[in-house]
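I'd like to ask some things about the structure below.
The letters A, B and C name the chains in turn, as written, and every chain counts its residues from 1.
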């Protein structure tokens, strides 16, 4: 077990190196001088020289890369050009919002998608199956940004039920512990803040959950179908065990592995890739932060932020892979 | 890393038909026609192609000519889908937008397909260190959130439809490479490949004449699904202001421009969004149907 | 068995649905914005279109920054609450020498900066030297406004020296008499910052502003919000609200939704298409800001073929201003024909505007040697501005108008900060921009926006890069002249030349509407676009 984990960790080292190279090159391979792009071809040559100096752009690429890595290892990813704040610190400020949104969206996706998948598999080709698989196809086809706008139009504009943007109404007091507002409000027993935070997160979370929900539903269904066809399940049915017990104890437990993969992958992607949703709902998270930084050509953020997002993704995958070994001991044999 | 793409409908079948002749294609097509949902997809895609081809004839108005006094008209017999903030007929814009969607589909998927196939085939066929390097490189690219990478590339190259298509094409390469590699790995163990080797065929010839033709089924499936994804992503970039630029009637930028007036003129966002949904759905249905049809072993699984 | 399973699913789905709707209902409780009821917390949340660029008043030029800093800092003299007449602020009184070159200010005593240090003559001198010198060690950037308003930096500047002539007295020495001097000094960039804080924060001062104003800075979360709290020790009227929050919500309609949801108390930059809904809502009040602005399309005269006067005139004839105003300003604007707004003295009403006439525009283009038009770019601002709430849409209308005369224009847009920087560098062909008057002096429009002194690459405010010696001579003469009637006449002459040379397409003078909850009382919008809100209450 331990040796597998160590091996798995060693395997991601080349990936991490590659990821760091790619984040670095993303900025440096773009035609044009980064200093010039940042300063907008500002007239004073002095400023250009100074900025090149501070960014170390005069050195050969590999020297720059070496310095980037050296600093990154020490937790220094440079500072934002606009706010002058360390990239690491800014990321730390944005991550909880994204984490909260992602977790909430994934919870919706797992509950509804998983349930739909299981029921569809138990009664394949039933009306429910056709309906939920049809909905799943809609789920992967619907533009998230459009869904977001329509949700705002219905629940924000027409029904005035939900606030259209932000995480918390300004003025609602909340003592932060984890910076996951829903969790914090529960921990501090702040009912008002809890309701406020919840009303803010619902629409973006629903919009964000469509794709993972659809994928989870489809994977759960096919995985369950496969398991339900196997002998030991038939035996269990034949033994007269209660249906729910067979489905959840025996079948779902074994069908869970591919679902776990989807969840892990989606979790990783959503952490950095929820750009559209965060943008539409003005959700102050990582995706929107990176999008603004890209448009404002705030290169230290683009470089450092994208690197961290990719590392998070790799780490989550590692964790998922290791979890496998608990769920399915056969994996250890590799 | 788990070898799985993020295509619209999850993983793509990479398994292979066991024996290959013209037969399975014809048979597959017939199966496709019997497959109800796939038929729906085929019809949607057919309508899309037809609309794009005849756009100037079908559209009641010019998609770009503005008519400011008649802005934000609600849907009526004169303007079936209403008019936008510049008084342009939304129906006509959507009809002309089909051409942009087709263009995105062909170019973006073309880029992914050509480079992805090449990488996947070479990597799978030669195996060994080359394979290891290519696969690791793909793992690396796939560690970046797909849409974020597309945004970054487009923003760096400069906003515009062409750059958006290039970006979407580039970030799609790894998925195709993986699919092809998987198929090539199983094909190359086949006896007839050994036979070709023995008879002195060059590796190049084997890849192109014997290996790749046998990868067609999964490639067609992946490409069909990929067109849907590419249209969706291009619309997303358009929505963020990075894709097609005004006055192009691209659906994403129509949504972008419509969001300001959606509370008083919801039709401005309703119809372009529905158009995207419909077209992407069409390609997804068709892709799923093709998978079932061309790869009988996966049917009912 | 199976039925039970379906039942289970249904119950689960219903539970989730109830959770969702239950929360929906609860959000109503969070919106305490019932008419006339006031708010539980003594806080004013102001929703606006863009974030501040920086909070060091001397280093910024944009209104989104200025509307925050004016509440944190004070100037020596300031404008009256509803017009641009000058009144005492940190200076209690002042006098000018007979030859008009020496200005002496007596300062208010007993004022403290938010960091507890004393406000005195020495602090003023340090601040002024910082503005005057481009490379002053305390600068993190440069005080562009100084250069715009006082004819460049030292040693070119019209101000030669500033010195403390007592603990609470400072004296400015000028090269020559300078008519707009006192009017200019009341502008928000010439605000007195704490020298101790400038030293302490160095290049971080822009996010740690320390002044003497009615509000103290608390925190700034970029692209989200700026929070201020009231300064109990304010020398003037202590603020009625405890907390002032500026929230950035870039999308006009999203901001309006927030107001409807009661999560913000007031907003500017109302989407013109939402004006009707805002008027109809009983919870809201709409206040129109007195108009002192201009929105324009600058034609970069250094880019071909815009260097050609006939081409520029043709573009002026090609654009249908009235149609644009009807469509994208909800009628709350007047078409412009001069760079000056009509409310200002010196406005030349005798100018006959270029008539909208595509045929004549085409003829003129042909005459200039472009019978088939040409390719160019139109830059459109990415954020709503008071003088142009829907820049992108206006750009698209202009694009169509230009296409009608054969000019093929691509629309270009950048993030707001980059947009301005690139424009200052003259990278554009045609660019949409605008100006809100800072001080009620025509000099602040014509000299600031169209004099050759301000057509310097890298810090330009003259985005047409229009360099007319004739206009320059008239404007400088007007600056030296102390008699307002004579000055007015000089500005009118300048407008005739500018009209003929057509470096701009003047588009509109807009009346920016603000929508506030009814319980927001005492709000007085200033023509300059920014104001202190210490007199506002929300109870």
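In the analysis below, a contact is a pair of C-beta atoms (placed from the backbone, for glycine too) under 8 Å apart; a residue touches a chain by one contact, two chains touch by 3 or more.
As the structure is a computational prediction, the values presented were derived from the model and not from experiment.
Remark: the per-chain Cα centre closest to the mean position of all protein Cα atoms belongs to A.
Two chain pairs are in question, A-B and B-C; the one with more C-beta pairs in contact is A-B. Our note on geometry: chain A versus chain C, Cα centroid distance of 38 Å, whole angstroms. Taking each chain's centre as the mean of its C-alpha atoms, chain A lies 23 Å from chain B. Distance from the chain B centre to the chain C centre is 45 Å, each centre being the mean of its Cα atoms. Chain contacts: chain C has residues 251, 257 touching two or more partner chains.
Residues of chain B in contact with at least two other chains: 259, 262-263.
For chain A, the set of residues that touch two or more other chains comprises 152, 157, 295. The residues of chain C lying in touch with chain A in their complex are 1-2, 4-6, 8-9, 12-13, 16, 20, 23-30, 39, 41, 43, 45, 203-204, 207, 221-225, 243, 245, 247, 249-251, 254, 257-258, 260-261, 263-264, 414-415, 417-418, 421-422, 424-425, 427, 456-459. Chain contact summary for the complex, chain B toward chain C: residues 64-66, 68-69, 71-72, 85-87, 159, 241, 245-247, 257, 259-265. By the touch criterion given at the top, residues 14-15, 18-19, 22, 26-27, 30, 137-138, 140-146, 149-150, 152-153, 157, 215, 218-219, 222, 225-226, 261-262, 264-265, 268-269, 271-273, 275-276, 279, 287, 290-291, 294-295, 302, 306, 309-311, 313-314, 317, 320-321 of chain A touch chain B in their complex.
Across the interface of their complex, chain A is touched by residues 1-2, 4, 6, 8-10, 37, 136-137, 139-141, 143-148, 151-153, 155-157, 228, 232, 235-236, 239-240, 252, 255, 259, 262-263, 266, 269-270, 272-273, 276-277, 280-281, 284-285, 288, 301 of chain B. Put simply, chain C touches chain B in their complex at residues 251-253, 256-257, 271, 273-274, 276-277, 320, 323-324, 326-328, 382, 390, 392-393, 395-397, 399-400, 403, 410-411, 413.
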